[in-house]
Structure formats: structure tokens, C-alpha cells
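Next up, some structures in C-alpha cells.
Look for chain A in each of the two complexes below; its partner is chain B in the first and chain C in the second.
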Partner chain A sequence: MKKLKLPTDDMKQERLDSVSTMERREFLKIGLVITGVFAGGTILSAMSNMNKVFAAHEGKVEKYPHKPHYSMVIHQDRCIDCERCVEACAKTNDVPAYGYRTRILEKDSPDAIGLKKEFIPVLCNQCNNPPCVRACPTRATYKDKKTGIVMMDYEKCIGCKTCVEACPYNARYFNEEKRSVDKCSFCYETRLSKGETQTACAAACPAGARIFGDLSDPKSEVFKLVHQVEKAVWVLRPEVGAEPNVFYMKG
Partner chain B sequence: MNGSNEMKPVNTSDLMKDLSQSFKSSFLTHWYSTLVGYLSGTKSFYILLAVGALIVYGGAMAGLDAMRIGYRHAYGVTREISWGILISTYVFFVVTSTGLCIVSSIGHVFGVKDFMPIAKRAVFLSIVTIVAGFTVILFEIENPFRMALYNVISPGLTSNIWWMGTLYGAYMIFMIIEFIFLQLENHKFATYAGLAGLLSGIAAHSNLGAIFGMLHGREYWYGPYLPVYFIASALMSGCATIIFFTWLGYKITSEKMDRPMVRSLEAISKLCILMISIVLFLIIWKIITGLVGGPGKVEALKAMLIGPYAFNFWVLEIMIGLLIPFALFFTSKGKNLNTIFIASAMMMFGIFFMRYDLVVLGQAVPVFYELGVNEYKGILPYMPSFHEIAIVLLGMALTGTSFILGEKVFRGHKSEIH
Partner chain C sequence: MKRLPYVVSLVIATAFLLCSAEILFAESASQIDDIIYTQPVKSVTFSHKVHVDAGKLGCEQCHTKLFEMQALAVQKKQDFNMKSLYQGKYCGVCHDGKAAFASNTQCARCHGGVKGFEAANAEMKDKPSAGSVKGPQKPVIIGKGDSSVLFSHDAHTGAFKCSDCHTKLFSITRGQDKITMDKIYKGQSCGACHNGKKAFSSDQCGKCHAKIPAPKTALVYKPEGIGVVKFSHEFHTKSFACADCHSTLFVMRKGANKMTMEVMNAGGSCGKCHNGSTATPISECGKCHVE
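Now for the complex of A and B:
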């Protein structure tokens, strides 16, 4: 791999963990403006995933229940925590400052060789077996039959927050302005229904960490990424049995 | 103490003994007789009623203020811990109500004679406590008016909370019908209504347990344990509550208990001992099985046993809520009324925290705990806000005032043995 000459190379004591999250985000944004796309994120992918156990073939079924069966694959190692996805999401979907539909989690592995920090973008997993939908007393949240997206009927929400409790991915919050629980809908109202093919977060990601598409379409990138055995693909909290449609991989 | 005693050289242990004796004889009995005087005196009855009404008013104002400024600002709940003390207080009230209904049904529906004298009061209090529960939850649900509409026109039949709400609504109506028939001395119809109330109450209450027990993303709650535990725990609460309020009721009307009533309380004490044992048994196995569970469950149990909830668990739940009352019931054999009254008061206090810990601890372990991310490494904090506590007090005061009002209006809930 070609080594880039970075201005930080001379700073021997400079490590990721000595920089605060906010500082790093600001710095990354400046860097992104100058260099453009971040070379597919490979610069930061220091940790090997070869010894990672291959994910159970979650979601790899012959027939998908929805058409299009919207899904997202997250290249976890490509995420650099610039939070452009979070900003784009908030702007597109009117997400207030006290809430979020997607966010980036940070994970430190102090004992790891090489890179010791990972970023894990999280959002609604648009589960095939959504615990939130099962728990809603007024069917205010439902699984859209056509797209498989877990949607909200804001008018019907009574604000009991059972869905917030039921969600294994902390993907829901109560939106005061809407007087309803709000959640990621893969930008259905704001983008997909208007002819766009990408969610705001996927479109905004400079590192190509979020790949959005139709899992039931063999020509789509998400289909190809999920239906292979060379690289491990996994989902978060598979033990819950919610059958998520957001997949994670490295490399 | 007399004069000659004072002249003697001071013996410290004697002095301590004297002091403690005089403390016991003057302060404690004085306190006791003052309390009793307050409860039975006409003037103080109105004072108590006024104080209760004032707290109800204050709590309602706090609740309306919370509605105005938004629950997000008024309450201590967060995105991660979105069910706080209001949910746990609601659970506390409906557990109590269901328990009272079950206790009353033993006499009224199933005809066990020893349980008949307390039944009228139990039915009345089960209505009072379910209303208190609904009042508290009114200030928890963000859109209560939508709830009334969409529960009917857009029911979520897979949702436990829908079943719980609907069944508790039916339950309340059945209990009110039963109470009316009891007032009319129509025992045949009262029994039918009581049976309907009992069935809907048990169904509603196990659904309440299942609201938590069926959240498969929440390790601490998930499983068939909670619906079962809730029913056992309800009967335990019902026993404690009816002993507590029966004792107080007789103080308010300043009457002496007749023989059947004393026997009835004795029988309930025995049932209470059994129910405490069953609940303890369930708690022990919950802990033992949980300790070999996943990291999230172990983390929750650690928080409960040796972490931030250890005081709540060991002192409030186990000691005050279960073990000391157990000992008091056991040693008094249900015969010493003052002792079992204190035991039942301690239980109600402890049970309140049982509900609180159950609700909060289930959420305190983050859903992403096992992912090992920096944001969700340990137990999440929650602290009830002023508004929340005011609404809790509203529920308590509503119960208290309704109770003392009920004692006067329904003349001590007297009923003939039939």
C-alpha cells in the first residue's frame, strides 16, 4: 500500500486517543475538503478480519419478502467518524438536536495491534421481525409491505414508548415537534419516494462506508456484498432474532 | 423515676435504661395515640382530607405543567431509559389493585368464609388504586387523547400494552359493577361481576408482566418469568394492602374489630407469609439463573446486588419489603394487629421500590452493552425529577383521600357474613 506523506507523520506522540472526538471530527472535515474521497477507507483499515467468524447467513434467503427489499451494508472499517451522515440525516429528515436517527459509535480496543479505534455507524435495522412493530398498541409503527421499511404513522402514535423499549438497536426516540416517536425510514418520505436511489446518509458518506440498495436485486451492490463467502458479514445483536436488514463487514 | 434514684451515684447503664424506658413510654405511645386520635377525630379527619386534597391538587398542577413544557424537559427520563418512576408507580398501583381483587375474590367469588369480612373494602380499594394508576399513567403517555381514539380504531392485537390497557379498562368496569352490587346487597350479581373482574384482572396483569417479558431485546426482562412473578407479587401486595387499610379504617371510625374481622386478618397474614415465601423463592431463582446468563444480564444483576441499586435491593426490597415483615407476621402469628399493620406498611414501602428497580434496571444496561462501545460501557443513570415525584405523590394522595372518604361514606365497608 502506498504510504501517504501526512503532515502529522513528524508528530511522534500524536495518537487518535489523545485527540478529543470533536477535534478529530473538525480536523477530518478539513481533510476531506482538501483530499476529497478518503481512498475507500483503506488507509484506516488496519485490523484484519480474517479470523472473524463468518456470520450466520442472516438475511441470505432465496426469496426476499419485499420488492424492493431495502437494505444497507456498512463497511465498518471505512467509517472515519466525520459524522457527515448524521448531519445529512438531520437536515434531510428534520431531526432535532436532542434526537438522532443514525449515529456513530466509537469502540476502543487498547490491546489491539495497530489501530486501536473503530467506528460503528448505527441506525434502524428495518428488521424482518421487528420487535417494535409487534409491541405497538395502535399500529402506529408498521412494516411496509412493499419496501420492508419499518415506518411510522405519526398521527397514531400515543407516545407510550414501548417501541423505544422494544428496539434492540436504540433506533427510536420521541420527537416533540411531531408529537410522535420518530425513527429512520431509509429516507423514504424525503428521498426514495421522490425518485432518489440513495439515503441521505449513504449519499453523504465520503468514504463509501454505507452502501444502500435492494437486497432482492442480484445486480445491486448490497446483494453482491451479502451473497458471498470470502468476507465475513454480520449483523448486530443476532441473538435477539429480529432479523435485521443492516449488515456489517470489514475489508 | 423518683427522687431517691436521682441521689444515687449515676450508673450509666441504668440511666440509659431509664431514658429508653421513658422514651418508649412517653414518646412512642404518645405518637401512637396522637396518630390514632388524628385518624378518628372528626376535625382531624377533615384536616387529613384537606392535606390529601392539597397534594392531589399540587401533583395535578405539576402534571399539567409537565404537559405544557413537554415531558422531555420535565421528567428525568432519557432516550435509553424512557420508562421512569411514573411507569413503575403505575405498575405499583395496578399490582396492588389486582392483588386486592384476588384477595377479595377468595371470599366473594370462591366463598372462603374467613376472607369475606375484608372483601368489600378490598373491592373499593382495588377501584381506588386502579384509578390512581390510570391517573399516574395519564401523565406518562405523551398523547393520552390519541390513545383513547386509536386503541379502539387501530388496535395492535400483537401488543401486550394494548391487551393490558383494554383488559384493565374492562377490569375497572367489572370492579365498579361488583362494588355497586355489593352496596345493593345483590350478592349473586356481585359474584358474577367479581369473577369477571378477577379473570380480566389476572389476564391484564399477566399482560403487564408480558409487556416487559416479551421485549426480546431486553435481556433482564425477557422470558416467561415476569408474567408469573407479577401474579404472585400481586397477591402478596394485595394481602399487605388490605391489612394496612383495614387497620387504618378501624382507626378512622374508631371502632373495635369484631371477631370475624380479626380472624380474617389472621387468615390474610398467613396467606401473606406464603406469598412472601413464593416471591422470595422466585427472586432467588431469578438471581441464580441470571448469574450464568449473558454479560448484559450479569451486569444488571451486579448493579442490583453490589452496584448502585444494592441499597434499594438489599435494604428496601429484601429487608423492609420482605424479610422483616415475614418475621413480624411469623412471630405474631397474625394475632397482634399492630405488629401485622407495621409489617404490611413496611411491605408496601418495599414493594414500591421493587417495582421501581424492576422497571429501571431493565433499561439501565444499554442495548449495545455487549458491543463494547465507549458510549455504552456501564449502567445508565436515571434520577426522577421533581415533576415525576409530584405525580407519584398525586397517586398516593389520591389513594389516601379516596380511602378515608370511602371509610366515612361507606361506613367502614361493613358487610354481613353470608
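Now for the complex of A and C:
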């Protein structure tokens, strides 16, 4: 029988002995390079997630990185919505009528026995891990290393208002006159830097609902209130992870 | 023993009636609008509804030793602050933790704040203007027996506020004021308005007095130089009604009538009847003027 001539006869057979050693080496080298790139990328992304996987600190940190570490404790049960703090703040810090550096929120509990209404003062919490600082594209807002106050550089602010969105406490507002975002600065420019020890709001409150002080000073009222376990002390929206410096309590 | 069920049911019925009578006549302060204090802080809401209706307090428990009748008068006082309350003044008399919740707890229960003030103002705008605040519905009986007067708050509250009479003219507590016609004529008590100028004159006896009994004791007149005249109502009312003499001939007020022989001769005063035809003429002096 005559052997049929098929087109595949002329094609080079791919068998182990038809691939040279050099070709095999090249192939392996390419494979290793690609693997290396992937491995490197994985390690890099794992490194950047280290903070989330291994939380920076759990429980109380007894180190206060700022001196003085300004903080406020609010006795929520003492607030009566007289709003003298809001007026004092507006007067001291030139806050326009459409804006606010501090607000009083109202909470109704119609099914409660006895007291059915609560007033909750809110202000910039001067967070230890501020979402607004992270969001700012121009670094117009920054956490002051000395006092821990989240400051505003009005010159650098471009009014993008990303920080206003980012703030979990709605503490920021856009000031038309300054053409920049404005917020509570614990009266730093207007009072603390001039030697006063109290913010305007804390001084104005007739019920003693706002206690302002240095959290790193063991003799201060805020230190004593935050470090006792008899009465519950809490912060607003802890789940955001902003680590606020304003504490709330009742009693 | 047979009648026992009757007796028992009678006792129960009486007790029920007594209780329901109290409820029927219970004073309702729920018509009074909430009072909103704005000093020293804005704002504190005081509700009469809560204290009087629900709390079952009587008016005199607060008025006027603790609080004047005039709304918001107390906030002018310099010591109207929390410190005073803690010391047992003003609201602190009850809000000490025993009679009612302590004034240093549950702050927002009274303090409505700026938000409460604004909400209340918005509400007030919708309400019809507070023209008449109803006073006690239970009729006030002044005096006893036949000469008693039934005072109706409703007739007065349409035009006047509580503070127009209370407490400069009348105390809040029933039976505490001694109201006499003498006082009224002097402009005190009802006479402050019922003097013919602000309201009808107090000479119009029938307007308030349902029944005016004639004085039982004789009226004694002591004219100069001649014998005493004793006028007996008892004698005259046998044949005549009050209206026959009062008030055209005699005003029902001591010393208000000019009683001279000239007037009588002219047909006025006693002379209207004592002219010889209806009754003994006044020329018979000895009939009236007794030694």
C-alpha cells in the first residue's frame, strides 16, 4: 500500500525532543518573572492592609500625644437647649447666622417614663484619626501636633467641601465670608492662644454641661470624668473609627 | 337582717353620689394655656393641665404664697433660678424629690429650650386668641340664706382676666372675704366696678340678690331737735312689695336718702304715701316721732 501524503506530514512534530534546552529555559524565566510581579504586588497590598488587620490599639491608650491634649466632656443630662453656648460661640468666633460651629440636637423618646426629651450638644470632636484631614486634597485642614486640635488653614482651602462630606459629626460648614470651610477650633485663635483656659461655649453654659480641659493632666476635670467607671462615658459614632476627643456622659 | 341589703345599698349609693358630686364640680384648669418662661433662660414650660388636672392640685396650694396670679410675674424676681429651687423656693417647694421629682433631675422635662419656645410660638399662632379663660364652673355662693348672692364666673371671664379681680379684690379661697354692702358702696370688693361707671350700680339689688328679705330690725332715724323715728320693714312689707318704695323713693343705702319734711311735704320720700289718703298724713308728727 502506498503511504498517503498528508499535509500534517510536513509540520514539525512537537515532542519533548523537538524543544531545545534553551527554549525551555527561556520559558521558565518568563514564568518566574510573571510570578515575581504577582508576588510583589500581593505583598505590597498586604502591607498596606496591615493597619486594618492588626488594629493600632485596642482599649484605652494611656499615652496622650499632645501637650495639652484638649478635650471636652459633655454632661448630656444637663443640657437645656438655652443655646447660650451657640450664641457665645457665634459672637466669639464670628460665626455667620447660616453656619454653626456647634449645634444642639433634640432627641424625643415619646414612650419613655418621666423624661421624654433630651438635648445633645455636638461640635467638632477634634478626632485622633480625622476623616476630614484624610479627605482634604490641599492639606488645608490638619491636626495640630502640639494641641491635638484639628486646625483650618483658610488660605489653602479651595472649598471643595469633601471634608464637610467626610465628617461623621457634620461639624463643618462653608463660610462664605472667609471663602473657606470653617469649624470649631476649641476657640484656639480667639481664646486659648490668648491665655484663656475655657472655650466660649464651656464658659457660657449655665448648667455646667460642657467641661473643657486637658486630658493629659491627671488633675483636670476631664481626666477625672473620663477615667471613672461608675458612670458610663461614651463617644458619638465610634464605629467610624475617627477616635473623637469629645466624650458624653449622664450624671 | 332583712333590711340589711337595703341599708348597704343605700350607704353605697350615698357614697357614690358624694364622690360623683365632687367630680362634677371639680375645677378644671385645663382651659389655661401653658405658661412659657423666658427668664433667666429660654424657655421653661409650666402646664396648669399637668398640675391641676392630672396632679389634682387646688389653686390655693400655689396661689398666692408661692406664685402671684399674674402670669410670668415671678420671672422678674432676681432669685428665680435653680439655686432657689434647690433651696426649696418656688417650684422647689414640691419638686424636691419627695412630693414630685427633684428639680436637679430630668431637666428637659420642664426646660424646653429655644426649640421648645419656637414650637410653642408656632402652636400659639394656630390657636384662637385667648379671650376667655374659664374660671371655676362651680357657682360661688356669697353669704347665707335669703340674702345670698350667686356669683357666676362665666358672666365675668368673657371680658376679664383672672388677675383683674384676683387677688387685689378677692382672695382665691372661697369664704375668706367678708363682702358687705358697706364695703361695696365704698368701692371695695364688687364695688370696684359695680359703681355705675364700669358696671351697673350696686343699688340695683335685684341684679345680684335673688331674694332680698326686708331687714328684721327697725331702722332708727335720729333727727335733731325732735323725737326718734323707728321705721319697721316688717309692718310695711305686710301690705307692700320691695319695689313700691325701692329704689324710686328710697335707695337701699343707709344715709343715701334725703329725708326732710320739705321733701315729704312735696310728695317725696315718706310723703308719697303718708299724704292722708294712702296712709296717715305726715302732719301727725307723733305717729312717727317717738320720744
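Here is the rule we use: the second predicted complex is superposed on the first by the 191 of 251 C-alpha atoms of A that agree within 3 Å, B and C clash if a C-alpha of one lies under 4 Å from a C-alpha of the other, contacts with A are read in each partner's own complex, and residues count from 1 in each chain.
Note that in this section a contact is a pair of C-beta atoms (placed from the backbone, for glycine too) under 8 Å apart; a residue touches a chain by one contact, two chains touch by 3 or more.
For clarity, every value in this text was computed on a predicted model and none was experimentally measured.
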item: Partners on chain A (chain B, chain C) - clash or fit; value: fit
item: Partner chain(s) touched by A:Asp81 [first = chain B, second = chain C, both, neither]; value: second
item: Partner chain(s) touched by A:Ala207 [first = chain B, second = chain C, both, neither]; value: second
item: Touching partner for A:Lys178 - first (chain B), second (chain C), both, neither; value: neither
item: Contacts of A:Glu106 with chain B and chain C, given as first, second, both or neither; value: both
item: Of chain B and chain C, the chain that contacts the larger number of chain A residues; value: B
item: Touching partner for A:Lys231 - first (chain B), second (chain C), both, neither; value: neither
item: Contacts of A:Gly159 with chain B and chain C, given as first, second, both or neither; value: first
item: Chain B versus chain C - smallest C-alpha distance in the overlay, whole Å; value: 11
item: Contact residues common to both interfaces of chain A (with chain B and with chain C); value: 106
item: Residues of chain C defined as touching chain A within the complex; value: 40-42, 101, 106-109, 111-116
item: Contact set on chain A toward chain C in their complex; value: 77-84, 104, 106, 114-119, 206-207
item: Chain B - residues contacting chain A, complex; value: 70-72, 79-80, 82-83, 140-144, 146-147, 150-151, 154-156, 158-162, 165, 211, 214-218, 294, 363, 366-368, 370-376
item: Touch list for chain A against partner chain B, complex; value: 98-99, 105-108, 120, 122, 131, 134-140, 155-162, 164-170, 173-174, 176, 179-180, 236-237, 239-242
